[in-house]
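Order of writing sets the chain letters: A, B and C. Residues in each chain are counted from 1.
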Amino acid sequence: MADTHAYRSGELEQEAELADTRQRWLLSLPAVVIIMLFAAGPLLVMVVYSFLTPGDFGNVKWEFSLDGWKNTLVQRDIFDDTLMWADAHLSIFWRSFSLSVITTVLTLIFGLPTAWFIATQPPGRREIWLFLVTVPFWSNLLVRTIAIQELIRNEGVINLVLLKIGIITEPIQMMFTDFAIAFGMTYVYLPLMVLPIYAAIEKLDFRLVEAAHDLYASRMAAFWQVILPLIKPGIIAGSILVFIPSLGAYVTPRVLGGGKNLMFGNLIELQFGAGRNWPLGAALSLMLMAAVMVALIYYVRVTSREKADG
Amino acid sequence: MIEIENATKTFGSGDAAFTALSDVSVTIANNEFFTLLGPSGCGKTTLLRLIAGFEPPTMGAIKLDGKDITRLPPNQRPVNTVFQSYALFPHMSVAQNIAFGLQMQGKSKSEVAATVDEMLRLVRMEPMRDRRTSEISGGQQQRVALARALAPHPEVLLLDEPLSALDLKLRKEMQIELKRLQHETGITFVFVTHDQEEALTMSDRVAVMSAGKILQIGRPRDIYESPAERFVANFIGESNFLNATLSGETVTLAAGGDYAVKRPDGVHDGTVSVLVRPEHIGLSANGSGLPATIENVVYSGEATVAHLALSSGEEIKARFSNAPNGDGALPGKGTHVSLALAPGAITVLRD
Amino acid sequence: MVEATTTQVEQSAAKPRPKRGPKGYSLRTLPGFTFVALFTMIVLYAPISILVIFSFNEGDSLAIWEGFSLQWYAKAAANEQVQEAAIRSLYLAFIASTIGTIAATMAALATTRTRRFTGKTMIYALINQPLMVPEIVTAVALLIVFAAIKVATGHNSMIYLIVAHTAFCIPFAYLPIRARLETMDNSLETAARDLYASAWQTFRMVTLPNMWPGIIAGMMLSFVISLDTVVITEFVKSAGQDTLPTYMLGQLRRVVTPEVNAISTVILFSGAILVALFFRLTQRKG
């Protein structure tokens, strides 16, 4: 007959759980420490810096100031000291936003048919096409941007061919324009739109398409009424996956836009270079991060809702 | 000797809490072939895992030869497991799998080699010793799993439904194999299954479980012939349950007739359920006995089962071994017959 | 309206039907889509192809072909700055991916194949953090922190780049390792513990041999990522600490010759090879 035991109810389980959790924390420690020190932690430092005063030769003076944040949106007229909108900044925000939207739309226009084409290939060939679409994505962003630059320069292939054929008499100025940036970003981020849409089309039940045809729909009608709503989650996912990097793009606008057509990332860089306004740069970075976070949260919401609906 | 004292195991918490084991106590003797038998979800595998040490109990203790091992992790218990999925290491050969436990124990190379050879001989897998475990058949994998668990010569071997993936013929062969192995090695086997025939064939003792509790422990014969309660009777073998009235040592069937019974503890006079096994029912030679009407006769190879209706409206099954040449075949549907019950065929159930 | 149509269609689809329509009418092609798709694929490869082609140009134009020559490759190879930058890139990538993969492996072991434990979500979010923040933001934050340290200590070595790249590499190594771990169920480890193996022995003899493809894949992915990283390197480096991408970025301000093409081609192909290997490793179900 058993008498009172040494173990309280659940005691051993709790012990085991604690030991397990402790071990897992220890294993995670190196990664956590490295990232806290050299990725996440610095972000917090940046928040602090956004509330400081710019130093005379760059860096900061440890005096509290809200100017960093204020100057993101407004500026003081140097002559009569009135507050006015920082037009330069606002136009840059607008350019970043609109170019990102344009890029998203363009990648959608070209990416959707591409994804459709690949997804409707027979199984053997499908992988090859997929691979072909992904390879450029994995190659160096800078190299791809340089490739576009060499293409659209005044001495580049496109202008040369057009001149040779005689369509134009002078080279078209494509470099250092908003067009160049949009073209470059579309080129560079296209695979990011293709892959999620491809995944959505792959899951599509084609019997539904057949049923639509059975009910007298034309192919395009079937597309708009049946296919498109069903692959919408893929489209949304792809859109956000293109929009976010576009918003924070740095290399592509720098190479293709030059010094005059700045996007968010370039404006931020300016503050740490010739602009010598680190607090402003920090504030701008945080603004960018916030914008991206909002888009990311929306993305997570949409994709988890999609999973819930099955 | 394994002692499980008041083991309870709950998973989850709050509304989602699930009690897998509820205050289970059992003592398993040395050198015993002990079987945990029950339907899926009854807690038998959980109990096995508690003995192995893969889970700590929520309450209760596990003792091995008087020593409390509840706190010990699995790699410090002299207990080995044959898993239902075998869990053979795919990146190692058959011989390397078998050697594993011995190497972890720090045995010398020569000792490991000798034991591996011995084990391969024991389960008759010598020609396969260098094969990858993914290249051998299911039955062969099972034998390797067995050899691997036996090689370190543990005090207890736990077997979690090891035969469930095998086809019928192989199963029957392995049942005999396992029995033989247990005898030869003298290791205590704790065997888990949901197959009652398997349990009855192989075990020294059986524990019938349901919903986290042990309902009855006993030798196969005792469990079969004297089931303590309805669930056990129903789970093991074929059963007929009849209504009756108990008075002293006599039971009067609702369908008629008085029969002498052994009265189990804790049962009072009055309405009871009784169990009669189909094979204990025969046709009365002289027309006296329980009146019944044949409703259906089903032939199944070695036996014929007759479905009959009694005067009380109850239905029972009677089982007859088939004689060669079809002699003594049963009468057809609709015939009125009298049934004779073998002496001691009636067991009073305790619930 | 669209929802109603879709439901109607779903009901119609539930009936069994043959797989093909009348001969010649494929339900899977949409008007114009194939054309756009092929056009897109061509456009996707055209700029890169032209870049590669002109890296072999006899002349020094990027658009006028004057014959085949390997001179730009020779020039690039002989260029001391290129040599330094290339070596620095490889050195950085190797160290960052090695340390990053080790840290990622440990973190993956801790966060995969397990129930919820206190802090699991936080650890997971932290490890993936570099992926969620635009690279420019991370770069700037590191610039700020390292500037302060450089001012305080006067120390200017490669260590800043190394730690920055390592942190950036961790999530890229983590993902393939985690994916691989999730295909392995716990039963083998349970069997090993049952057979007297300690935690370390279980890892070394059972978990690790089965994890290898994931670890190698993670290492290769983070290696490629480190090689290709421009933004963080650009902001964290001190003078004279160019990697190949930052060197090229600088060169773009000057007169551009096919030497840039030659370097780019080498980067493209080495990256492509590594990525192809990566895919081979992650597709195999071994």
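Assume a contact is a pair of C-beta atoms (placed from the backbone, for glycine too) under 8 Å apart; a residue touches a chain by one contact, two chains touch by 3 or more.
These figures come from a predicted structure and were not determined experimentally.
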If I average the C-alpha coordinates per chain and also across every protein chain shown, which chain's average lies closest to the global one?
C
Give the label of the chain whose average Cα location is farthest from that of chain B.
A
Can you check how far apart chain A and chain B are, centre to centre, with Cα atoms defining each centre and the answer in Å?
61
I'd like the Å distance between the centres of chain A and chain C, where a centre is the mean of that chain's Cα atoms.
15
Between chain C and chain B, distance of the C-alpha-averaged centres to the nearest whole Å:
56
In chain B, which residues are in touch with two or more of the other chains?
none
Contact footprint of chain C on chain A as seen in their complex
17, 20-21, 23-32, 34-43, 45-46, 49, 59, 109-111, 113-114, 116-118, 120, 129, 131-133, 135-136, 138-144, 146-151, 153, 155-157, 159-160, 187, 190, 205-215, 219-220, 223, 225-226, 229-230, 244-245, 247-248, 250-251, 254-255, 264-265, 268-269, 272, 278, 281-282, 285-286, 288-289, 292-293, 296
Can you check the complex and tell me which residues of chain B touch chain A?
5-6, 8, 25, 56-61, 68, 70-71
Contact footprint of chain C on chain B as seen in their complex
52, 54, 73-76, 79-81, 83, 85, 87-91, 100-101, 104-105, 148-149, 152
Residues of chain C touching chain B in the complex
187-188, 190-198, 201, 205-206, 209-210
Which positions of chain A touch chain B when the two form their complex?
2, 5-7, 9-10, 12-13, 15-16
